[in-house]
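Presented sequentially are two complexes of subunit A, the first with subunit B as partner and the second with subunit C.
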Partner chain A sequence: MMAHRTILNIPMNRVEGDLEISVAIEDATVVDAWSSGLMYRGIENILRNRDAMDGLVITPRVCGICTTSHLTAAAMALDAVSGAAVPDNAIRMRNLALLTEQVQSDVRHAFLMFHVDFTNPAHAQAEWYAEAMHRYQPFKGKCVIETVRETGKLVEVIAIIGGQWPHSSFMVPGGLASAPSAGDLLQCEMLVRQFRGWYEKRILGCTIERWQQVQSLADLDAWLEENDRHRQSEVGFFLRIGRAVGLDRLGAGVKNFLSYGAFPLPGDTTLTPLGGHGDRLVPAGFLQGTTLLGFDQTEIREQVKYSWYEDDPGGRHPDNGLTRPYATGAEGFKYSWAKAPRYRGLPAETGPLAERLVARDPLITDLVGRLGATALTRQFARLTRPATMLPVMEQWLAETDPNGLYYRHPAELVAGEGYGLTQVPRGALGHWLRIEEGRIVNYQIITPTAWNGSPRDDHDVRGPWEEALVGTSVKDPANPVELGHVVRSFDPCLVCTVHAATGGNRNPRNTRFKV
Partner chain B sequence: MPLSLFWLQGGGCSGDSMALLNLEGPNLFAQLEYIGIELLWHPSLSHGTPRQYDELLAALLAGERPLDILCLEGAVIRGPGGTGMYDTHRRRPKKDLIAALAHRARYVVAVGTCASFGGVGGDGDVEATGLQYRKRQKGGFLGADFTSGAGLPVINLPGCPCHPEIVVRMLASLEGHWALPLNEFNSPLQWYGMLVHQGCIRNEYHEYRVEETDFGRRGCLFFHLGCQGPLTHGPCNKLRWNNRNSKTSAGVPCLGCTDPEFPKQHPFFKTRNIAGIPYDLPEGVDRAHYLAYKGMAAAAAPERLLARKTRV
Partner chain C sequence: MKRIICIGNRLFAPDATGPLVYDILTESGPPAEVEIVDGGLAGLDLLPLLGNGDRVVFVDAAWGLADEPGVVVVDEARLLAASDPAPYGHGAGLPFLLRMRRQIFPDAALPEVLLVGIEGEADPGALREAAAVAVRVASFGAAPWWQEQASMAKEGG
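Up next, the complex of A and B:
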């Protein structure tokens, strides 16, 4: 039975926690996959019994890339508990800071993580390889250096508003702890403007206005043919080599897409919800295949049958979630420190692709309709998301009144329940907390990577990137670059290294899973 | 010969690495090249084939390839029950790999508060510790007597995250370009011999005890809003962050993130008080004198500060 089967264990060094992907390969094709979160940091339990506000300090430390994202969710949850009426100015500044982090992350992920796989020696024979090396070689590539420089400048926006990036705690229930001046706002405008100039020149190869006319696959192909600037831009180069590598045939996932929505609209803004539905700029929703359903957070459950926590059949809503680690971490059929979140009992993909599908973005909807939700469309949705968001950042900066209110004192945080749900760079992030006598009695966090990198659930159904890996053909088990393309299209913000086990029997899961 | 550097991540969030990427003038890669560091591996930045990574680790562990500097970011996770299985590498506790590499390296540098003192996970069920300290307690993971190949203890660069310029300047100093005396927690006095309070743009408000009870205003945050700037060692208001600002200057209380006890157990946004005066006074200050001084200072406060006319 084991004759043609190889098990690859792929430790993926992390940003949000160590992950390891294991795949079973038969006849050079992945037939099964397991995604294991390898680290437990116990953040939720650290928060218990602390002051109601302390989540604003502790939760950003969950992730050094998504620090402002956690701060946003934590502040929203506290707003909810205290019934805070956040002033419009503060809403705009919070949105601006989160968008800054998002644009930074989209671009850094692309050129420090995803596109680096194009320099893998597996592609060395390709005619575009020298160009890929020139652009993406770690520490040296032209685009790598520029990305580090430009994103470093951009996050100065968050430092101007909130003191530093990463890890400030400038959002508080009721608004902001800071009050940016007119000069501060002008400086932010210039930083965004400067970044936009670089993004247009190097990433798009055209103005954002021109890009916004691209609304379908046909438009996109015409755009690509239009001139050499488009073809040589990062988007153009990605489309050309992405197809050459076959990214459009890799990594179809679970086909359910989840967005919590993001960026509450200030009362006096001229911006309207993308896709025309919802009360936030980015709408919430659940797309089951092609059917768009409204989003209802009570439909979320976290299950732990395959996670290293005490068994709890059926799972729990995070309102009464439990985090009870089940020691050893190496034996039995449980295989991950990540829990398995499910929406209406289903695994769901989240991230820019899901978010833009839920928002009925015409280009992304057409692309997925024609090419499927693959590694190509997933990465494309991320790489081009800043083209939608940079003008939004400029607009909200222009609308902010430096003499207006940035903070309104909220009611005391004594007791109550609240949640903060938002889209962040990698997708849907949620914080749920309960406060009694001014102290936290329960705090539960579900990160985007928990959705995408989820292990199997109570019904043994695979998580999104486990599912996306199945069917991938792997040319060289010693260097399975295809798996890197698939997993990194979900932006787990991990660097992948691979360890090939010689025989399947070394994996204790074999017998359990009867592979 | 450039110094070889292996960057390892334990129980942390990568915030220190993210902060490093923000270095300016020149960028991180250029700075490393300039000071003569060869980055052998960084988990968020490197890309080698799996085989290259395995071969590199094997060569370092066997001593076939010299390792000049080991940087650890994130805590050493020892839970549950001392097994370390809450954080694994190739099915084995990551802590074993940390120990093996630390014993090969000529210099061991703890980057960030987690790696220095345990940090965020220090009070949790993960039994996190720093490399050579657990909070104020010497010993930590490697033991009080540990010295690296060059005969030094673990050099601690706390901060959550550590300021990126500290990291690079520290690395540049290693081969004796300049001497860096260390404090009692083995952190360079150059940066940890000053207080976060020094250079905060709210200093004048502090001086005259013009204190805020709520966010979004211009005064000092020490008496009511939990600011730990006068108690916390670090150069936040000297080096500034992202070349721009600092938390306290922006209006966010100092959270004490470089302190061996970060995160402290009492609330971050509330100052513990005795009779209206903070329980924890600025470093080295005597309570009776402080009371008298603050009373007089408040009485002398000029109108422009009381009316918050002076901008910050």
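Up next, the complex of A and C:
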């Protein structure tokens, strides 16, 4: 039978910006997939010829969700160019802000986006459906309301550290633009402690200390059966319905995992790197199958054979990256505004699952070893990541000295190259920067979604979630909820499209509001 | 407390109305009792700003909220009626915030919410007018402006 290619408009409106997934289905199974980012971003070209410091203000506006992530990468790139020695207290505050963004994003993605698919009518006959509606129904679900309330309080930590909200640009080369007071730190401690209390009660159903004893699939199954609090917690409910839905059989992906590493360790901290090595809390690495390799950023290339840019065979390292849009002349062949980043020529998945595998997290490593990298393990890694990070946030707050140093004047930003690589909510984020005569001559950004949602590369190899979709059974092409489970397990985030307050009767393509 | 929150993306011209009005407001020096916020693309993170105060005025580009190009002022009910009740997405915005805030602040006396938008091209004249209207409706509410518009339309007609 010939494969019947179906353009499926799966409801990717819960993705930032425009994303269109096209799949070929044969015998109710996806046999091929194409991921198209439908909006040109052009931030790299906007930044060209601007003042060296402008990236601190402009790049946080790449995205309305990950502003602190981009600010962090931009500041790190400028630190590198200027040779800045960031003081320990400033490192802690930068890390704390980024961790705040990560933790709130992990929870919001779960209960405002991923778990919403459990309320899809496709699951209406399931015995757990009424409970899923009670928890995740948009605007009304108990967990939805609590998530908006609790994450809204937590992000006040960034407002306190940044001194401005939203779109703070408080990180500067050399440290922070301002120092928190003792009162600020106490407020942050209270906010993190409150959030931790809610996370333990509602998400885990146990203390973080108890959760940290869960180090294998066997431990996890025993934990699940231990008591009703565990079973009824969000993690427990997710495990039960995720298995019932078959998430553990969906979305295998490319089996290469990338982490840039994140959260530089202050010189005087008592915390040690996850995984036991390196100078950052979260280690960098590339996991090819089960082989963990060191990470070398010079091995990155961005290829554009299938992207709407001028052809450039072999691709380029971002140091020499080009962003030359070319949307004509290859219709039907090129199909995405996203480039195709590759590491050592290979596609790579990034995100919490990759990050925790590279860190050799015992629970995640055991789960993936036994169950594989699937939509279930991918979402589980995200949902439980705050259990690792909340105690880190508390510890760094406790170590911070309000009377300490938060800024060391760096060298003038006249000329040089640098990069800022970090892990952010959706995975590996990199900013590469070259400055001449105090002006930006090259700025390249590779976002986590560029890795995960990339189109095919020069060797016609699919990107990670394109590959993860292949093999997925689709019961109802009119409501392909299975494809939503797979793609959303990567927490896709394309850049904001045109939005405006609308009555919905002028421009049918833009019927959403935005902030 | 009155608050004006300018929203949009200054890097994308069709969506830059809010940020450009923000620039005008900060340069001109608004009344002391009105707080001006660069809301940018902050989305759900603006929720804490909707839980207190007397009145919040959003400034944004507008599509389909008026029959003619120019500045338009709409209230919360009209805004919600005109919007798609879509669930949360990274692009979710004002309607999502408005729908959620009564759930998030169930016992609070919530501020009145208004939107000042520019329908059609946001040229310099329209931007200046929107800035002035935003300050006016933040200070005095929308009713006087609506009455004035109705009178002008009657005289014009």
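By our rule, the second predicted complex is superposed on the first by the 472 of 515 C-alpha atoms of A that agree within 3 Å, B and C clash if a C-alpha of one lies under 4 Å from a C-alpha of the other, contacts with A are read in each partner's own complex, and residues count from 1 in each chain.
Criterion: a contact is a pair of C-beta atoms (placed from the backbone, for glycine too) under 8 Å apart; a residue touches a chain by one contact, two chains touch by 3 or more.
Everything quoted here is computed from the prediction, not taken from an experiment.
In the superposed model, more residues of subunit A are touched by B than by the other of subunit B and subunit C. In the superposition on chain A, A:Tyr407 contacts subunit B only, with no contact to subunit C.
Of the two partner chains placed around the shared chain by superposition, subunit B and subunit C are both touched by A:Pro138.
In the superposition on chain A, A:Leu38 makes contact with subunit B only, not with subunit C.
Contacts of A:Arg50 after superposition on the shared chain: subunit B is touched, whereas subunit C is not. In the superposed model, A:Asn120 lies in contact with subunit B only, and not with subunit C. After overlaying the two complexes on the shared chain, residue contacts for A:His167 are found with subunit B and with subunit C alike. Once the two complexes are laid over each other on the shared chain, residue contacts for A:Ser178 go to subunit B alone; subunit C is not touched.
Residues 13-16, 43, 46, 58, 61, 63-65, 67, 108, 112-113, 116, 138-140, 145, 148-149, 151-153, 155-156, 165-167, 493, 497-500 of subunit A touch subunit B in one complex and subunit C in the other.
Across the complex, subunit A meets subunit B through its residues 9-11, 13-16, 18, 38-43, 45-46, 50-51, 53-54, 56-58, 61-65, 67, 108, 112-113, 116-117, 119-121, 138-140, 145, 148-149, 151-153, 155-156, 158-170, 172, 174-179, 181, 325, 327-330, 337, 406-407, 409, 478-479, 493, 495, 497-500. Interface residues of subunit A, counted against subunit C in their complex, comprise 13-17, 43, 46, 58, 61, 63-65, 67, 108, 112-113, 116, 138-140, 144-145, 148-149, 151-153, 155-156, 165-167, 493, 496-507, 510-515. Residues 9, 11-19, 21-24, 27-29, 39, 43-51, 53-54, 77, 79-81, 83, 85-91, 94, 119-121, 123-126, 128, 160-161, 214-217, 236, 241-253, 255, 257, 263, 265-270, 311 of subunit B touch subunit A in their complex. Of all the residues in subunit C, the ones that touch subunit A in their complex are 7-12, 14-15, 17, 38-48, 58, 60-65, 79, 82-97, 99-100, 103-104, 115, 117.
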